[in-house]
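Okay, so chain A shows up in both of these, paired with chain B first and chain C after.
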Partner chain A sequence: MNTQKLLGIGAFVIAVYVAVPLAIALSGRWDFYYTLTSVALLSVASAGVWLTFYIGRINIGQGAYALAGGYVSAILVTTAGVSFWLTLPLAGVFCAALSVLIGLPILRLRGVYFAMVTLVLTEVARLTALALPVTNGAKGITSIPLPGEVSILGLTLIPDFATLGNPKLAFYFMAVTLMVICYACLWRIVNSRLGHLCRSLQQNEELAASIGVNTAYLRVLAYSISSFFGGIAGAMFVAISQSIYPSSFQVADSVNFMLNCFLGGLGYVFGPMLGTLLLYFGWDLLFTTGRYQLLIYSSLMIALMLVLPNGLLSLFDRKGGRK
Partner chain B sequence: MEQILANGLYLGAQYALIALGLTLIFSLMNVLNFAHGQMYVLGGFVTYTVVAQFGLPFIVGLVASAVVLAVVGAGVERFLFRPVVARSKREESTMLLAAGIAFFLDAVILLLFGEKQRGVPKIVNGVFNWDFRLVMPYDRILIGVLAIAMIAGFIALMQYTRAGRAMRALAQDRMAAQLMGVDVERYSMLGFALGAMLAGLVGGLLVTITGVNLGMGGPTSIKAFLMIMIGGAGVISGAIAGGFILGMMESIGLTLLAAYGDITYLVIFASLMVFLAFRPQGLMGKPWG
Partner chain C sequence: MTPILQVRGVTKRFGGLTANNDISFDVAEGEILSVIGPNGAGKSTLFKLIASFLKTTSGEVLYKGTRISNLAPHRVARMGVVRTFQETTIFRSMTVRENIVVAHHLRSRASLLGFFLGTLQARKDEAEFGASADEIIGFLGLDAIRDEMASNLPQGHLRALGMAIGLATDPKVLLLDEPFAGMNHDETMRMVALVRRLRDERGITVLLVEHDMPAVMKISDRIVVINFGQKIAEGTPAEIQSNEKVIEAYLGSEDAAIGM
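On to the complex of A and B.
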């Protein structure tokens, strides 16, 4: 079992680092790099949403943290001249701190109540970005410089992105690396003592509290880790698009993060990654249908819910049940 | 001061009507209807089509909105929510379905009515002016009064009719209502249709004043969520209170905070956070187990 798992992970890493760039180089479809980079980053944000699902909360507010992280990075890079690589963790930490403040009152809510509050949070983040002077209002922050060089003792670890011949490939590797690290962390969290405690919260919070689990602390912790993921994904997105506007992440994005998790399956760590890939590519493929894109997309989504109300991975459940 | 209060009342009446529909659906089905704002926009467009395109009187447009949305609501409950609720393991699945329906209605509105801002001519001309202390166009007064009349009608329906009693019983305890011989499926469908109809009616009312456009759906849903969080989800009095409170806060906030820019909703949200920290179930909601 264990070697099988290791082989699977190894195959996945080889696929994203070697096979995908090779396939793209052979087919000449360079635009796929942008698509795949977006998928990788969105799946990082979705991973955060998944973690809040893991403690039994429906989080539709990830867009707020992605936006906050993006703005923190953009402002630090443009006004303070801080290196992008330093702003990346800073954006995550800022979002985590923010989420502790916001999470303390709202994590007492449950079910649809929590979902509603987080949805409102996304809209409020957009309004805040519009109103604050430091975010430059609706005009947003544009022409943010590309990530610079990182070197230790004269040894270049990461080259300056502006000097690279093919920044698309560099961004792809950067995003995929981030994704792999985040999912490795997520996997580690889920399979640790913390993960078991989170599962106990998901099943029955009162029962967990009655046997001595510090539920208030745990749910804030899980929520802040989730927001950390949202923040770094947002910051990275800003570095790639080199601009940020209050509408960069809005309610539809927050809803999509949630949908990614649903689609991939809530009981499976790599579910959000699969869900993001399917949703994003599905949307892209439907682009050719022009003005019927949204109609077909939403019809498919409704049809999927009618056929498989428990998510894509329930297909595997049924197979397991027959044996 | 009088002006601010009057604006708040006017806004609150509409908001309360939107929140009523949402809370009705929530209490009956335990479904958070993400598509509520889209239903409201659809209602506005139906009234626009009947009044501005076909040239029929406004009241016909309003009735058409109500009928179309009631049919849409009943259909959505019968063919989408009922099978999914029956078969899904987690109650969250209905949220995905509701989000899908919201996207779907957006697409339908885009294809049928386009993305332009639409409005109908004023139904009543003239402005009510009380010594410049209170200035209010007559059509706004009319819409406000109509909205309040509809709220009163809705409450009467829920309190004094057989269907209303059945729906209240359903909201209280689905299982017990079923055991007492209430036709659960029929009244769920009726309740969903009624909730959607209310959304359509508000859309029809507001198209005369602010007009409608495609992008209004999402923000309207969000405002409706805010209201039922203030008042407490699934409680009719809570929805009305939430609507009027949000209307008042918006009206007061826009006046007081105008000097600091567009931060009214920020302040409202911050105060909501503090409020929820003390009372997570809202003003009149029941604490959950």
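On to the complex of A and C.
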């Protein structure tokens, strides 16, 4: 890793942990915490979608895993009294396992066929949540307690959120930390052998098989990592809103996760993060245009895809390389 | 000595069409064997069956006495039987060197998790792959284009890159699908010399499917001729050139006269 990259990472970490809270404190716009927390969590789910793009599959079903992860966490916390912090990885693991079962048959499909099946997944997840007794149907699960304390040998690592004066700030730090960890993992995946093999899969599956890559295994592996990201993002969302309904993650959310990746750039690890930030804020900024909001928004999206088919980050990368 | 590859009564039917019918032949270790035949004779299908990209309807292929037909293609590759492709198949948006490095996958001893964590073994593997890729680049004379995007390469280089990808997997048997297609005389002669070096310097057994008769006659130790999915002849280039059945099969076809 060269110094330029280290500097970039350092600047990013300082920005999210110091500069943003400082700017918010100075401007008094406390509502930004909620917005930025959402952006951080949505970008984690988008990071998962991005990884499925990286093996050459268009994934419009991340909402299903976010919903599943959210319910797993909510149910474990409310009915079994498990600590939220334990349910967070459990939700991810549950979604990863679920995605292996779903992925084994559907990952054989390519292109638009895979995309169509994943699109349906979100709707299936919503209907399942409506039908199952354990998810409490349309009423959902509400009044979920805030994340509790985590301590090792009497040393408090994370305080009980209910005792905090400013849980918004705590949620922000929690979401941003999750985001930083997830993107660090994603970056490492992409730059290690696993990522190289994913790219070989994306570019030519037959050739990948002939150089000895177990393509079926690799596809399922990438998809399960992707779903793991979706699951933990969903679980943390639920912890923040303290409630979950079958409509918490819908088809529109799944589509947005995909758009975030497109907008930021499919060739760049940090593309989905930037894409999420811009899409989320862009939508909010256009709120003032009233009933033209969706029209302007969609036109801008179309224009962007025409002008910058490789995403916004390709602006800084004229040579067409990758990070 | 047992043959390195044995094709035994291999038959492939697609619905009512019989692409390969009861084809049998042996390939000895260190041999260059060509499979020839008019267009649509079933050569490419036979290759796919050997590399197990297709399942046989009946019959089997043995590698060093072990059955490899109907295994997953990556497992066949792992055993040492590697196929290159007709359509100059490469990883388009990687550089030449990246293409070759990624093709070293079979040689990695560290697990994917090991690579993720950057363990000692993984780093050793990566260094080894890089060194080996550079060696292959030198062997094939690709130094000038090592950092070129594969999608920008002219056809002759693409073919060489395809071969480099095959070599990176450390094959015992390399299946070359039409290595001379679309090449002019000079390029073909260079490729012929290269294929010979694969065998002479690296001890790789080469099985190739080809249309270019002069090249085939020049390069092959033995030739297997198929027509309408049947094997009609097998022998040295000299034997094939004087074989009545072969001449008959090629008469009137556009594939040029045999025996140049």
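The rule is short, and it goes like this: the second predicted complex is superposed on the first by the 309 of 323 C-alpha atoms of A that agree within 3 Å, B and C clash if a C-alpha of one lies under 4 Å from a C-alpha of the other, contacts with A are read in each partner's own complex, and residues count from 1 in each chain.
Simple rule for what comes next: a residue touches a chain if its C-beta (ideal position, glycine included) is under 8 Å from a C-beta of that chain, and two chains touch if they have at least 3 such contacts.
Because the structure is predicted, anything quoted here is derived from the model rather than measured.
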item	value
Partner chain in contact with A:Arg188 - chain B first, chain C second, else both or neither	second
Which partner, chain B or chain C, touches more chain A residues	B
Partner chain in contact with A:Ala15 - chain B first, chain C second, else both or neither	neither
Chain B versus chain C as contact partner of A:Ala25, first or second or both or neither	neither
First, second, both or neither for A:Ile211, with chain B first and chain C second	second
Contacts of A:Arg199 with chain B and chain C, given as first, second, both or neither	second
Overlapping contact positions on chain A, where the chain C interface meets the chain B interface	none
Of all residues in chain A, those that touch chain B in their complex	58, 102, 104-106, 108-113, 115-117, 119-121, 123-124, 127-128, 130-131, 251-252, 255, 258-259, 262, 266, 291-292, 294-295, 297-299, 301-302, 305-306, 309-311
Complex contact set, residues of chain B against chain A	26, 30, 32, 34, 80, 83-84, 87-93, 95-97, 99-101, 103-104, 106-108, 110-111, 218-219, 222, 225-226, 228-229, 233, 261-263, 265-266, 269, 272-274, 276-277, 280-281, 288
Chain A - residues contacting chain C, complex	188-189, 192-194, 196-197, 199-200, 203-204, 206-207, 209-216, 221
Touching residues on chain C, where the partner in the complex is chain A	51, 53, 72-74, 77-78, 82-85, 89-94, 98, 101-103, 105-106, 108, 110, 112, 115-116, 118, 122, 125-126, 165, 168-169
